Amino acid sequence: MASVIGGFIGTLFIISVMSMLWKDNVFFRFGQAAIMGASVAHYTFMNFQSVHTNAIKPILAGNVLFIIPVILGLLMYARLSSDLSWLAKYPTNVLVGVGTGVMIAGTLRGQIIDQIKQTILDAFTGFNGIIIFIGVVTAFSFFIFTREHTGALGTSVKIGRVFLMISLGANFSGELVWYLTQMIGRLMYILNEFIWPLLGA
Amino acid sequence: MIKTGTYLDIVLMIVMVAASYYYYDKTKDPNWKPFIRHIPALDAISEGVGKSVEEDKPVHFAMGASGGQLYSTLVSMTLTALAFLRYITALCAEYGARLIVHMPYQTESIPIIEGTAREGFAFAGKPEMYRRDDMRYYGRGALTWTQGVTMSYAEEGVGLNLSIGIFYSDCPISLEMAHIMGGMNVGGTGRWIMVYAFAMMCDYVFLGEEIYAAAAQVSEDPAMLSGILIEEVGKFFVYILLIVGTLLAAVGLDVGALLSL
Amino acid sequence: MAVFRREIPTAVLSFIGIVILLAFFTTFDIFETLDGVFTSWIPVVSAVSVGLGLIYMIYAQYMNYQRDKNLNNMIYLVVPLIFFAIFFGTAMLVPGNISSDAYQWLYFHIYQNVGGVIYAVMFFTLASSAIRTMRLVTKDPAGGYQFRLEAAALMFGGLIYTLRQIPLFQVYLPGIVGFGELIMLVPNVGGGRAAVIAAALAAITVGIRTLWGKERTTTEVD
Amino acid sequence: MATARERLAKATRFYQIIWALCLIGMFIPLISPLGLPVTVSEPVKDYYNSIVELPEGSVIAVSFGASASLLDEQEAQFLATWKTIFKNGYKVIFYCSTEDASIVINNELDEVVPESFGYTYGEDYVILPYSPLGEAGQAAFAQSIRSIYSTDINGDPLNSIPLMQDIDNHEGIDLLIYQYTSCTDIEWAVRQWVVPYKTAVIATTLGCCGPMAAPYYPTQIQGFLSGSGAGTELEVVSGNPGPGAAMSDAKNLGILPFLAAIIWMNVKPFIGKED
């Protein structure tokens, strides 16, 4: 019985979310509001656990250094006061400092040098590799901002944009079919968790 | 002392830092103005704010459900989105349009987003236009964010919807719903895998890296403008590596090993 | 005082960023250790700030309700709080917390289930945007036809790979699997790779500017 | 001449009709299956062969990073993979790299029931709990499992588990099945398992991640499954029917109204219909 009720409630939520595709309605708003409350609760609880594991436990075990991130986290709330709001800048800048360092370190190799390397290596693997090479060189020229896209650069940009658009189309298609699967999955949920159990099938 | 496998990274880093030094120095000259090609989507932003005022609907600004990443490899995109937030607050102040900011779920980014919006209005001489209740937060994940944003479009109407930042599988809903509700979509993301959604759903789109260049243009901040030239130095370096690497490979050198240094 | 508002926070940011870079590039243990310390703080700072979201959420809804006391705004104010109480209460009070059967039941039928629906909804919104944009030819006001090369390229990449993924076409359209893979592995790789490199260069430029203390968002905003 | 608002309302109505038709198209085969044949692609064949061609008694490690809300896309892959492994009697070490993974794997094994294939927990298979591995964690696991995990999911020390007695690193692993949902994570397996140790690796992921896995196949990863379509193909090639068949069936009809609408919009300008 609990399962049928669960399936019923789950089905109601599915329909409430989907109903926004038809038109705005009270049912959709109720579902949205409920999920918002549930998600904040889940997120808050997981973060409580995270603070407990990553800060409180180490502090109790004598690692007092972990008081610093707790204080930094609390400084975020200074934003609520107009006089003290600048204090929130400290934790924010600590986070951005870490982020910037990690970003630069990871990007140089993975997204630039390795990509160049692969493009060169591809170019010697045959016709397809040469097309990839042309694609990279021409599409990259689209991102030149200090010259007008005319003349030879203009031609290169035109070719490059075709490559970029095919790439966008391919990405679109990968996601479209994935989302289609998700929709089918939800229909299967409605059938398997609610309709079939209800009919006793 | 230096880790193996990072030599070439360091070379590229040095090139970029040297270019930064050179161009930051140039910005000391108040008459220095670099040429930057026109990005069409930029004009659409003020057009959209005008449209919002005409229709008496608010301007919406979204940075993505997960657009408040401060300590991941996408932090640059968060900062770029904030440059646009600053710009759109100035425009809204100028035109007298109401601005609704849909904040991402990362709570740690709330102070910097709120601060940027508040200061944007203050800087434009209209601090009273800042409203905390128009800084919206919807809980964790794409799920509640997309629903919250859609709800806001339906309830409050949408004139311009400016969506710039880190977008995952949230923009296919938010952009399309804004379109269906009669809004004008302008936006872009640096995450290539999601750019298709912007290209298909926006009236005006910034393709990939264009968001960075556009942010520099709207900021009118010399340091940001010089950033475009610094990037161009990087691009030159990339082309050099591509050409030299291909030539060396053609004469039989092991370029794979060279580029793994 | 101003120095505490501007210069010191900026110096903190630059110091941490540079330490992390040095830990990545060099073999000195000190940087590795500091890197470990800073990165271990991150989840804590982030987690402690979670209440801020709750405050903003409730505040916006309360103000909305105050402005216009209608049913929609009432739902928006009360329902999230009720569901917050149900989920949070179950997670805190029921033995086993989030592993308890009660929480798992809530999680499976509401949270996870609806989490899946949001991707499902995207099938429809994506489909309608594709119907709108994937048009090879448009008619201009003078009555002439205009071929749109870029839309054609987008459509070409999009449709071929879509057909490749659907069993019906795999069966009745021989060669579609191979052709779809070719699109994916050749022109898609060419265009995508260029975009990735360009965006990476831009990201690094922003990164350097931030560490240099010239990024307005991290220096000026109070 | 219709106003912009009227045109938009008309277009939206048109989209809604297409959406409804797609939904009906998906629903029909779920109630009354079409049973269309499925073509098995090369990466899936190679994925399957990589498992079944292992010598008897081989040890497979499964790096499991499932996300609960994305299960629709991957469940068919999982169930068919586990059944293929259990039918052939290989030993398995599951290790969880996401918060959801431990909940998901328990639910999966409740459905497949390794014990019904004669398996005993601890001797033939073991589950290691959630640890936020990341790339560094994958590297550490390949070097020393005990540096990451001291106990299994039940809290029993690894040294007390018979299967783990002689296994502590990549040398004890004959095949890695790498499961992930964030497209670029495939690089971790390549960088941390294939490049340094030449471990045989096959991968399972979402449909949208296939394009990013493809460049590594077949030189670095021996086969891969991307999306529920590949899950269905594995069900067919391995002879283990599961939820994938129904999904593939539903896709066939679900996509047709969308394709028809695209064709219609492209034909429209030529037959003088108003835009």
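Labels A, B, C and D are assigned to the chains in the order they are written; within every chain, residues are numbered from 1.
Assume a residue touches a chain if its C-beta (ideal position, glycine included) is under 8 Å from a C-beta of that chain, and two chains touch if they have at least 3 such contacts.
Everything quoted here is computed from the prediction, not taken from an experiment.
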Taking each chain's centre as the mean of its C-alpha atoms, give the chain farthest from subunit A. D
Report which of C-D and A-D is connected by more C-beta pairs in contact. C-D
Please tell me the distance, in whole Å, between the geometric centres of subunit A and subunit D computed from their C-alpha atoms. 19
Taking each chain's centre as the mean position of its Cα atoms, how many Å separate subunit A from subunit C? 3
Averaging C-alpha coordinates per chain, one finds the centres of subunit B and subunit C separated by a number of Å equal to 13
Using the touch rule from the top of the page, what residues of subunit A touch 2 or more other chains? 17, 20-21, 29, 31, 35-37, 39-40, 42-43, 46, 73, 76, 79, 85, 89, 91-92, 95-96, 98, 100, 102-105, 107-108, 112, 116, 118-119, 133, 136-137, 140, 142-143, 164-165, 167-172, 174-175, 177-180, 182-183, 185-186
Where subunit D touches two or more other chains at once, by residue number: 15, 19, 70-72, 207-208, 210-211, 215, 227, 229, 251, 255
Find every residue in subunit B that makes contact with two or more other chains and list them. 6, 9, 13, 71, 73-76, 79, 105, 107-108, 110-112, 115, 138-139, 141, 143, 147, 151, 155, 169, 172, 177, 180, 192-193, 195-197, 199-200, 207-209, 213, 231, 235, 238
If we count contacts the way the header does, which residues on subunit B are in touch with subunit C in the complex? 1-3, 6, 9-10, 13, 16-17, 20, 24, 71, 73-77, 79-80, 82-83, 86, 103, 105-108, 110-112, 115-116, 119, 132-139, 141-143, 146-147, 151, 155, 169, 172-173, 175-177, 179-180, 190, 192, 195-197, 199-201, 207-209, 212-213, 219, 221, 223-224, 227, 230-231, 234-235, 238
Interface residues, subunit D side, partner subunit C - complex: 11, 15, 18-19, 22, 36-39, 41, 68-72, 103, 207, 210-211, 214-215, 227, 229, 232, 248-249, 251-252, 255, 258-259, 261-262, 265-266, 269-270, 275
Which of the residues in subunit C end up touching subunit A in this complex? 4-5, 9-10, 12-21, 24-25, 37-55, 57, 71-72, 75-76, 79-88, 91-92, 97-98, 105-111, 113-114, 116-127, 130, 149-151, 153-162, 165-166, 182-201, 203-204, 207-208, 210-211, 218, 221-222
Report the residues of subunit D in contact with subunit A in the complex, numbered from low to high. 16, 19, 23, 26-27, 30-31, 70-73, 99, 187, 206-211, 215, 227-229, 243, 246-247, 250-251, 254-255
So in the complex, the part of subunit B that touches subunit D is made up of which residues? 180, 182, 193
